[in-house]
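The two complexes that follow have chain A in common; it is paired with chain B in the first and with chain C in the second.
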Partner chain A sequence: MTAAGVAPAGPTPGAFFAAGAAGWGFGGLAAALALLPLVVPDYQQVFVAEILVWGLFAMSFAIVFGFGGMLSFSQAVFFGMGCYGFNLGTLYFGFNTWGAVVSAVLAAALLALPVGYIATRVRHHHFLIVTVIISVLVTTVLESGHWRWIAGPYVTVSLTFVPEVPLGFTRFSFIDEWVAYYFTVVMVAAAFFLAWRIVHSPFGRAMLAIKDNEMRAQMIGLNVNKLRWMLFVLAAGIAGHAGALYALLARYTNLEFFHWIYSGKAIVMAMIGGVGSLVGPFVGTAFYMLSTEYLSRYFQQFIIVFGFILLLVVRYAPDGIWGMVLRGARGLGRHGQASKP
Partner chain B sequence: MSDLVIILAMNGLVWGLIIALIALGLSIIFGLLDIINVAHGDFFMVGTVFAWTVILITGNFWLAFLIVPLIGMLLGSLVERAVIRPVENSAALSIVATFGLSLILQEAVRATFGATPKRILDPIGVTVPILGLDYQVYRLFAAAIAIAAIVAFFLFLHRTKFGTWMRATRQDRDTAIAMGVPSNRIFVVTFGLGTALAMLGGVVAAPITTVEFRLGLDVLPLCFMAVIIGGLGNLPGTATAAVLLAFVEGIITSFAEPTTARIFSLIFMSGVLLLRPQGIFARSTR
Partner chain C sequence: MKKTSRRSFMKMVLAGGVLGQGLNLTLARDLFAKPTGAPIVIGHQCDLTGGISSWGYWLDKAAKAACDHLNANNGIAGRPVEYVVEDTETNPPTGARKFRSLVQRSKADFVIGSVHSGVNLATVPIAKELKTIYIPQGMANEMTGAKGNRYTFRVGSDTYSQAAAGAAWALKNLGKKWSFIFADYGWGWSHFKEHEAVLKGLGGAKINAPIAVPLDAKDLLPYLAKVEKDTEQLYSIFFGSQSVAYYTQSKSLGMDKRMNRYSVLCTHESISPKEMAGASEGIFLLEYHPRMLKYKDTPHNKKVRELMKVDPVDGREDGSNRILASSHYWATWESVFFIQKAIEKSGWKAKKDTPEFIKALEGMQVKESFEHPQGNKVMRAKDHKAVIDFYMSRIENGEIHVKHNIPAADVESRFPPQFDFTKESF
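Presenting the complex of A and B:
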């Protein structure tokens, strides 16, 4: 194990990004995303926005699994809670879009507090089982007619009005695709950079230490269960944020989003892209969404293809597409240094 | 009212025995290979679909009891060799791989069998009067088959050389290998056996449930509950917990809604997890 603060263990992009490539990469990406509406038609802007939203959902899984070593099947519940919180904020409390997004994140994080408390007290297989069971519990409560007072009309709902974003003295209406696009880009970028700062903070390093060797982390005085719990709630909040952005973008939510099998979508997208970094899930999501667009033209059961891709990724490239790219870049860099003298 | 309680409790008992059969497969795979097979519920679903297919081809439901477990044995062995073995060093990755498997099974069934749920007719078609209510004889038969399969499984585990090897590997993998137990063959057979149990469960359950590609998604959490309450890897505990859970849920259903019964057992399970994570039947400290 290297000294704390130097490149962390595992497939993290430490060495590569330390060279300032991260700054250039993100700057270029920001410029590309900002200029995109000039070159692509409206409906494709919405498609790009959807990739970003699902990428954020996949990233929430990568945070839990890639940085915390927790194989969670409950990300969908928090995505669903985001939709629910958004609808509750908009339709019940009458918040504007900003308030509704905040209430979505709060709803997901509030549910994650007790769920995470129970789930992070157990390890490995028990953790997975608990996340599945809790997802089933939430879905059962929401879909039963008996507990309508909890579910209310806020689980499966289509917004009947066009959302607006008040900003300063003006309001932007989602009726323009570019408004939806820029709003999503800004919100996803905000969540991404918050998560980036957190996983590269001492807290993030501590999580990697726990994932690496839990007993050693405990020996050096880390409160393992509490840190795992904090990471779980953080990832849940991000999944809820993604849920709110989806509810805004599609103006439609469904009980299906809460189902534990829906977490599989995040797992597939994040694993394909790579769970060792925060960028990987977005790469995986872009791959997933683009190939889905293409494959679904030819046959309906295209998900079977992703089943096989998942098997191949697990077998041959456990750090995903982005992990392979980083390894390639690092290999090139080392090669360049070696051949210089 | 009291008649209803008995009927629902009996239904719960029958269903619990079937769940016990499936959960045993999950538990034995966990005990030996140290992975949670997320595709286990889908193997159950594939079992029901194969039962349906056997009826379609031969017209005889009873043949399915013979053919489908054999297919399960083959399929499971194949999966162990092709999917699990290459990633056996990382438990988390193996579980993700079984999730990929689950997607493949579901979508393959949806592509071939279709998305609409189908029903299999009661193959016995006789009812007996129990307390003035007609009760399907097939349900009693299903319970008998499930009990027979569970007993046969435990006899295999305790009375045959292979079963002894399996128990030895579960207790201490390295020592067992050092003693000359052919561990690779054991893992293949274990996964095959676990899959065969799930698919046999599918055949037994096929006439009392609907046959559709999403069936496994509802069954897997039930198995998880049985496995948690009985103790992960504790085989008799798992079977007992499955039967007890379904029995109690059946009784609760007679005076409350099914959802309430399910929520009760989920909360009970959370309590077990927090207070006795090794399961309620664990006796000695290991």
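Presenting the complex of A and C:
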């Protein structure tokens, strides 16, 4: 599988065209996101922000699976660790919003170090089983009253204050929906840009090589286990970042965020959009959340309708909605070139 | 004296008739007056799908029936009531989002909350930020406790009041040596801790080490084997299929013969004992409103149950197999009328008047009536919890029979407020 977001190697005219199109695309998207609060009411602003947060979480799965070939069911553990780290930073250490977000990313990445060290040394379904076991183990320990001292009061938390974003000379309060919206957009965009740079770096290319043919990658001198481990930790940090953004947006975190069912949700959202790119998970998340949001207003058993839609997507767009869009765009491009004299 | 002629008599009759008809029409207009003006929007963040949907169905039905009743009787302060419901999917993030949707999209002035504590805890901070009255139906003490705020009120019960209501009677009548077995998560531990505190206060109880069962355990025998031999009463907290597994497996081990089994009705809500094949026979249950009509056979309660279209014994709905969520449905019904009373008392006109509404609701006393069929109650000003009547019941011959009434006044003595929200600014 080739990542749709990864340009072909070498500066070919096609690459310049693709880079230009991507640049225009991202520019347009940035402008749309910037202007959105002017045209949509406050509820929709928070809803779009939430889509971006869950989209970031789904993107963390797409990184480990789409670029590393690792079907991870432990992403929810790192999302939950992000929430836990955020609460610990805010309530125990008294950090401001920036500090709490950093502590969330660190908490998730630190847990991912030992977990990833074990998990990335096994392959295929063994990897999946290890991540499920880790997920179950962590949730069991945290939800058990016998081990409550580990979770402390920092797992299931309702914030009793409204978060603020300090910007040196001034502070912005999350009580205004537009502050929550723009903060989330900027933070998600930063994580997306970082991930974009990484998957386009030599490290990202190496990961794709490993995914395509691990033995060949090993023979050209790549340290496969180490690179897989690094990618796993990176994706965990992004999931933790999403956890912190969710805690800020919702003022609430819950033990169930650690549960592998939430990993399953990330997988479904990423698969709908397409795991071969960084954009696909956001498209899938938007599709998933908009469908369930509006279907649930009209059909009590909306999940059946959604299941049917999902089957159609899987049948007719196996590389996800975004993959289908890209295929369509490429087809149009080829058609245009062929019709030129 | 002027003699009444036939002509003047006919004139008088005609005039009287016209006047009477006019009066009649005026009366009829008043009787069937339609509420006018902008509607007051009552939102319901309801669990229509997911794990607690069997309860959500009844909570929705009761709240909708209450709003329909108000609209048929001149609305609230002459204004119509618009009822808007959104499904939480029994999921905290979705539930919190649906609360925002109710307030910001549907412009709900007041919101009746989910019966899922996780959804409630996710919503409580947003309710304060959006300055919207929130009446959650979940059982966690925290919503009107450590994590509560001035915008959140509780009409039903919580783990704190349940322990305060049931522990004293159970200690006296079911035995002094207690064992606790429960699902290993917040709800189970909350029951254990609240009971432990109340029993310590009462004195004379021996409490064995708690037995926490993992949430996904289907085979409870290893855990039931840990129950101490000297146990006189076994308090259990499980939900859904695990609750059925507990009843069945503890019965098959003969524990029902060796000790009293005791729990809260939540573990048997919307389930008929007849469908348990005798597994829950003999168990004591703390009810918050009797399942059987005969134990609260008041005209008011009867009328509300008629609106729910359920039979008087099992609470089974006409034409379906749904069993009334008897200990919970009344709370959404009463929530609507608490809102009505506080609006009328405070003169609330729009969202900006919410602080006056809160002051009116704090300390409000209501009498048993059609609007409040569960009984007299006080909405305590300090902790925003209603103090309500409870019932100690027992399953006998597949029916839930009340054995002892626990009036609100008895409960209150062991249920002092732990927080004072009246000091919190709006």
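Following the convention adopted for this analysis, the second predicted complex is superposed on the first by the 304 of 341 C-alpha atoms of A that agree within 3 Å, B and C clash if a C-alpha of one lies under 4 Å from a C-alpha of the other, contacts with A are read in each partner's own complex, and residues count from 1 in each chain.
Quick note on the criterion: contacts are C-beta pairs under 8 Å (C-beta built on N, C-alpha and C of every residue); 3 or more make two chains touch, one makes a residue touch a chain.
On a predicted model such as this, the values are computed, not experimentally measured, just so you know.
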Query = Which of the two partners, first being chain B and second being chain C, lies in contact with A:303: first, second, both, or neither?
reply = both
Task = Identify the partner contact of A:160: answer first if only chain B is touched, second if only chain C is, both if each is, neither if none is.
result = second
Message = Touch test for A:46: chain B only (first), chain C only (second), both, or neither?
response = second
Ask   = Which holds for A:213: it touches chain B only (first), chain C only (second), both, or neither?
value = neither
Query = Does the superposition put A:254 against chain B (first), chain C (second), both, or neither?
reply = second
Task = Identify the partner contact of A:175: answer first if only chain B is touched, second if only chain C is, both if each is, neither if none is.
result = second
Query = Who does A:140 touch here: chain B (first), chain C (second), both, or neither?
reply = both
Query = In the superposed arrangement, does A:126 touch chain B (first), chain C (second), both or neither?
reply = first
Task = Between chain B and chain C, point out the one touching more chain A residues.
result = B
Request  = Return the residues of chain A at which the contacts from chain B and from chain C coincide.
outcome  = 140, 144, 146, 300-301, 303
Ask   = chain C touches which residues of chain A in the complex?
value = 41-43, 46-47, 50, 140, 143-146, 148, 156, 158-160, 162, 175, 246, 250-252, 254-256, 292-293, 296-297, 300-303
Ask   = What residues of chain C sit close enough to touch chain A in their complex?
value = 48-49, 86-87, 89, 92-94, 96-97, 100-101, 103-105, 118, 121-122, 124-126, 129, 142, 147, 149, 184-186, 188-189, 192, 210, 212, 214-215
Task = Would you tell me which residues of chain B are touching chain A in their complex?
result = 30, 35-36, 38, 83, 86-87, 90-97, 99-104, 106-108, 110-111, 217, 220-221, 224-225, 227-228, 232, 257, 259-260, 262-263, 266-267, 269-270, 273-274, 277
Note = Within their complex, chain A touches chain B through residues 65, 69, 71, 118, 121-122, 124-126, 128-130, 132-134, 136-137, 140-141, 144, 146-147, 259-261, 264, 267-268, 271, 299-301, 303-304, 306-311, 314-315, 318
